[in-house]
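The first chain written gets the first letter, and so on, giving A, B, C and D; residue counts start at 1 in each chain.
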Amino acid sequence: MPFDPNDIMKDRITDIGPPKYDKFFPPVIKENYGKWKYHEILEPGVLVHVSETGAEVYTVRVGAARLLSVDLIREICDIADKHCGGYVRWTTRNNIEFMVDDKSKLQPLIDELKSRGNWFPIGGTGASVTNIVHTQGWIHCHTPAIDASGIVKAVMDELFDYFGSHKLPAQVRISLACCLNMCGAVHCSDIAILGVHRKPPFIEHERVQNVCEIPLVIAACPTAAIKPKKVGDYKSIEINEKRCMFCGNCYTMCPALPIADGDGDGIALWVGGKVSNSRTAPKFSKLAVHYIPNEPPRWPTTVQTIKKILEVYASDARRYERVGEWIDRIGWERFFEKTGLEFRHEHIDDYRLAMTTWRTTTQFKF
Amino acid sequence: MPFDPNDIMKDRITDIGPPKYDKFFPPVIKENYGKWKYHEILEPGVLVHVSETGAEVYTVRVGAARLLSVDLIREICDIADKHCGGYVRWTTRNNIEFMVDDKSKLQPLIDELKSRGNWFPIGGTGASVTNIVHTQGWIHCHTPAIDASGIVKAVMDELFDYFGSHKLPAQVRISLACCLNMCGAVHCSDIAILGVHRKPPFIEHERVQNVCEIPLVIAACPTAAIKPKKVGDYKSIEINEKRCMFCGNCYTMCPALPIADGDGDGIALWVGGKVSNSRTAPKFSKLAVHYIPNEPPRWPTTVQTIKKILEVYASDARRYERVGEWIDRIGWERFFEKTGLEFRHEHIDDYRLAMTTWRTTTQFKF
Amino acid sequence: MALKHKTPMLDELEKGPWPSFVTDIKRVAERKPMAEDLLGLLEMSYEHKEGHWKHGGIVGVFGYGGGVIGRYCDRPDLFPNVAHFHTMRVNQPASKFYTTEVLRKLCDIWEEKGSGLTNMHGSTGDIILLGTTTDQLEPIFYELTHDLGMDLGGSGSNMRTPSCCVGKARCEWSCIDTQDITYDITMRYQDELHRPMFPYKFKFKTSGCPNDCVAAIARADCSIIGTWRDKIRIDQEAVRAYVGGELVPNGGAHGTEKRALDIQKEVIDLCPTKCMEWDGKNLKIWDEDCTRCMHCINVMPRALRPGLDTGATILVGAKAPILEGAQLGSVVIPFIKMEPPYEEFHEFVEKMWDWWMEEGKNRERLGETIQRLGMKAFLEATELQPDPRMVNTPRYNPYIFYDPAEVPGGWSHDPKAYRERHHA
Amino acid sequence: MALKHKTPMLDELEKGPWPSFVTDIKRVAERKPMAEDLLGLLEMSYEHKEGHWKHGGIVGVFGYGGGVIGRYCDRPDLFPNVAHFHTMRVNQPASKFYTTEVLRKLCDIWEEKGSGLTNMHGSTGDIILLGTTTDQLEPIFYELTHDLGMDLGGSGSNMRTPSCCVGKARCEWSCIDTQDITYDITMRYQDELHRPMFPYKFKFKTSGCPNDCVAAIARADCSIIGTWRDKIRIDQEAVRAYVGGELVPNGGAHGTEKRALDIQKEVIDLCPTKCMEWDGKNLKIWDEDCTRCMHCINVMPRALRPGLDTGATILVGAKAPILEGAQLGSVVIPFIKMEPPYEEFHEFVEKMWDWWMEEGKNRERLGETIQRLGMKAFLEATELQPDPRMVNTPRYNPYIFYDPAEVPGGWSHDPKAYRERHHA
């Protein structure tokens, strides 16, 4: 029965949740669920997993812009129908995985993928730069300081070589978030690209009382910079600009406090975070570059700075050493020296836990 | 000219500072200042330092109660006159050092020291338990939760064997402070004994306004537990007892807020701090035992608990490993298991930097 | 067909080897004005270096408090087709396997009723249908539920769409059924997912092992991470094969050529607890010292495997920086058997939520409530015992809130007796 | 002679091998009623498990704001001889060498005018004369200055008595003249020492090398710690002698018997930066990676020595927990040549104090002022350049206070132009 706009409650189905996962498992996955014994990466982007039953599944991982049109999804379906029995999956970092259950099906799949222009780059496994986790940017959100998809495209173009190879000392996970809300969860990435504002919001006093809940706005400020204030006849707020660190959280609560500014906004780069518990504990990413201007359409300074960091790391780190582990070994003094990045006041923490980041030992390198 | 009580300004000398250090250097020290080449501990408590000039200085270190009578100091002078050319020094941990400039003078000095009962125990060098840095306790201060000298005596009696030997994996520095002010700087000790109160102060409302500056009292509270309050006719304060963590800082500012309580007060033990930059960075001491009652005159539970910790450490740690380095290697879960100490809510930090102490990795031992 | 808006800057993003979202949007733009105006609006954002979206209003489907992000453009005068451009979050199947059948149906719906553009997937894990108008929300929802058996995901102050790693479906290391746990949570807490009643958002993420391929520890209010508490399984033969150069180390992650593994340097020395020894023939692991970091297993997947007594470590409180700063998850349950029907876990979750709903302030993430009220309050509310595995170090400040119940006389003094002993 | 008060509990502390302060006090008590009453009062404290001292009033010597801690007992009815029991802090000579002559004179003064009891030394470093009455303060001060050439130390909100390790006087590792630096600070800042004018106390401590034998890094608002910036001096012959068992490792600190040093395990593996290599014959140190932790030098004192280009690292802000929690010192000057006349250092100190006196709140230690106002403010006030050696890690929160001077247009927006671009 089709939808009836005049009676939306008719036949209404709610709270059914997602389809059960195994409905979409290819047979080889279903049959070998929990029985996998080991895996091997046969070449960058191509994995085999071997089951205790002897079964094998071959996976080809391909990079994708996370923003996909229905046309591209249909193209993916065409490939999956032709080679993979009509199944496909996405990874947690927005790559696409095509799987086949027999080695003989592998090369035809790869050939097919390669035949389709540059839509389906193969890679993202092992010690590579895999896909960049990112957010909406100027495509959809209201608080971004930067675009997301465009920067990701520019960076991946430049690092393309590292996507389809295993030449790095370890995995390098790059993420992007277009504002301090960090939807890209960039706070624990090997390299993080973060959109930053640098001007306190301006206040549209005549709008505040109509479009905002003043107490919520005040509560939203992490540094308690906002106070209520009467301006003329308007109930409004004032901002202690010295306390503002440009997070935009007040703007999220109140559209009458615009914070974006084409010339003020830009990018901060962070390095050395990780998530896995492998060898060392998960770590936050730390500030590497406090500010780079927005340079659409291809953000050359950002791209080149990331490349520089990546290449210094690649040439200096030991095998298995994630970016943060490498820096922990050589020390931040050497990181800044080797990358040629400037160490500035902005690098020294001055927020709540600042004192836990200061160097409280005479151990350092000259 | 003698002091004239009726004219204190007569011949007054002020701001002369201490005597210049080298006035008191024995000749061998003066002559070899800055020329020392190496040292060796000949036996526990006995050191030789050898100069580039070939000169040698032999040092005998002896333990002392830090509280010394003039009689004992005069006895020290007698020994120094007889053996050391009239010179003596104290160490940064309140041990006494007798020095001679020739090996032939060493044994007579040692014999002399040994001949004087147990006043001059030789030791405190190398991988030992050296003297306990401590504070006033009930001898002089107004805020203590515990005595100082008595506990130190009881602990050193029990650990005496470790003072005059090198059987530990590394130096073990024990310190004591009788209240949270931590004059004994116990916050970075291998083992710290800390006097703690456990009741919020009571308020003598009728005295507060006479003997205290209320704004200073309010500002003194680290957890902002104190507010001004009118009680009857008195300007006084009130304490949010749920926020009080018994630091006694308000009592320091205001005698009308007594905090001491014979049954409530007692000892907390802390472990794993260090100061040196050797191998690992300086570290704070961490809570091992949240509370042990005051048990004068010999504090047996405290003494035995310290001994237990020390002996587990001694048997389990590797050479050079300070207590904190040992725990870092084995993990806190093992520390509590091996020592049999109970892990409780009090061990989990809940003050300002609490979140930096929580375990944010899946790495731990079962 | 030429597009309506000139996009000289965006055109630059059609160059280069990585797939171009611009080229992709352009092909849809040829037939869909919404995509066409999106390109124009985006080009203007590139010129201004400022985004052009306003705050979303409250839009959604009837009876749900989340799942749709309302969005309006701030220049409808220039780009009328994206005047409304709401996204719908569709709850993905756990670990994101699909049949082409369901994907094609989804494309058809979205071709007809939306922009034709998606995100596969959003950072939380949902399928993001990017851009439609208010009047399409109900029809799309109807078709999703009726034709695809799919439902919306979370947004707002509710439980967000849980997600997980590929787990046992295609990974040999998974210690728990990540998909099943995710499905169980999602289904059991449908009400919490669709009807915001929490102080703020709440996220679950589940990884099968400490490699944490879904980054749970960094971005889930409750992270479920598989682990084991017995011994690493060792195939000594295979260890020797790695050392002998017969097997490719790290499953080929560092190059697929065979080479002899320098087991001392590459494994033993990097073991964080130094609990391994290699005598040239056999590998010994002191499992009681192992912290299950996975490194040795990662490097020698054919020789080492996680133990068999498997379960999960539960951590809570991870989040992004707003307000109090970013947090990683903190261990609160070192080990729990995660087996259906997951009762113990449900009880924990419900106690946790009850406490947070009671105590949490508006827009305060669980981790922040714990920061504010202390771990003790959390553990007591969830009836968990303190354990040294919950901390990296015990406290180092002496600011202990002693429990009055343990103090003789509680918090009260006897002022009179005190002043008899101590004259003022 | 029997003493006035029974002290059954204290008597227990006369037993055991460690020198007994009770026995020591008792012998003075036989002739000095002050000491006798002190014992009685202490016994009462042992019974009550509570101290019996009241807050001190403002007592001192004329013209000085510190150096004396006033103290009154709360039971003068029972112990009249300790009704007043003030301590005087006497500034010790740097590193605490004495002639018996000066000590005997001190004892004579204190026998006559005080309790006859001392602390050698107080935690800050002073000679503590324990207990006298108000009327004796001036006469004692007169004799100290006239007969002994000694002066009072600090107390209250002033510079506290600086102290240092034994340094070059008897240690081969000292990279700086610890005594001379301490003496210089003490003499130059006599006014600051005697006349409280700071927000709170301020401590200097100086150690000759990173072993930090005066615990400067833990308890000095300004810690001066010797270091070097060239290479560790190596005597390869002696290294071999350690390995060969001809020299006792660690100067005998772990046992004085000769034994072969396991250089790999005991030195190389414990080097925090792993910058050493031993090829069986020669020890190689990559000094550019060395963080001068001292461990290798400690273990092989006859083979390794600090470099020759010596100076100090300056750290600030260490303190005990009250109010904001304990702090360790933080590096603010990685390297400074500490040579007379120490001008560069004086300039730094004075800029630091000016800033702290201007900005610090009452009872706020320097470290807390820096915490509150940020390291940037401190570095700017002291004209120091930010350096990665000042941090363990750069910030990990994105809460950056950008400098408006670097932002085009500073902090101001053009609201009108904004609303032309973005309609509300």
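By our rule, a residue touches a chain if its C-beta (ideal position, glycine included) is under 8 Å from a C-beta of that chain, and two chains touch if they have at least 3 such contacts.
Model, not experiment: these values are computed from the prediction.
Chains that touch both chain A and chain C: B, D.
More C-beta pairs in contact connect the chains of B-D than those of the other pair, out of B-D and B-C.
The distance from the centre of chain B to the centre of chain D, each centre being the mean of the chain's C-alpha atoms, comes to 12 Å. With each centre defined as the average position of its C-alpha atoms, the distance from chain A to chain D rounds to 47 Å.
Chain centres here are Cα means. That of chain A falls 50 Å from that of chain B. Taken residue by residue, chain C touches two or more other chains at 48, 50, 52, 54, 210, 212, 217, 225, 272, 292-293, 321, 325-326, 328, 396-399, 422, 424, whereas all remaining positions touch fewer. Touching two or more other chains at once are residues 180, 182, 187, 222, 247, 255, 261, 263, 277, 282, 284, 351-353, 355, 360-363 of chain A. Residues 277, 281-282, 352-353, 355-356, 360-363 of chain B touch chain A in their complex.
Taken in their complex, chain B has these residues touching chain C: 180, 182, 187, 194, 196, 198-200, 202, 204, 207, 222-223, 241-242, 244-247, 255, 258, 261, 263-264, 268, 270, 272-273, 284-288, 290-291, 329-333, 335-336, 343-355, 357-366. Across the complex, chain D is touched by residues 1, 3, 5, 8-9, 11-26, 29, 33-34, 36-43, 49, 57, 59, 63-74, 76-77, 80-81, 86-92, 94, 96, 99, 118-121, 125-127, 133-135, 137-144, 147, 149-150, 153-154, 156-157, 160, 163, 166, 171, 180-185, 187-188, 216, 219-220, 222, 247, 249, 252, 255, 260-263, 265, 275-280, 282, 284, 294, 296-298, 319-320, 351-353 of chain B. The part of chain C that touches chain B in the complex is made up of residues 210, 212, 217, 225, 227, 229, 272-273, 288-293, 313, 315, 327-331, 334-335, 367, 371, 374-376, 379, 386-404, 406-413, 415, 418, 422, 424. In the complex of the two chains, the chain C residues touching chain D come out as 48, 50, 52, 54, 74-77, 321, 325-326, 396-399, 421-424.
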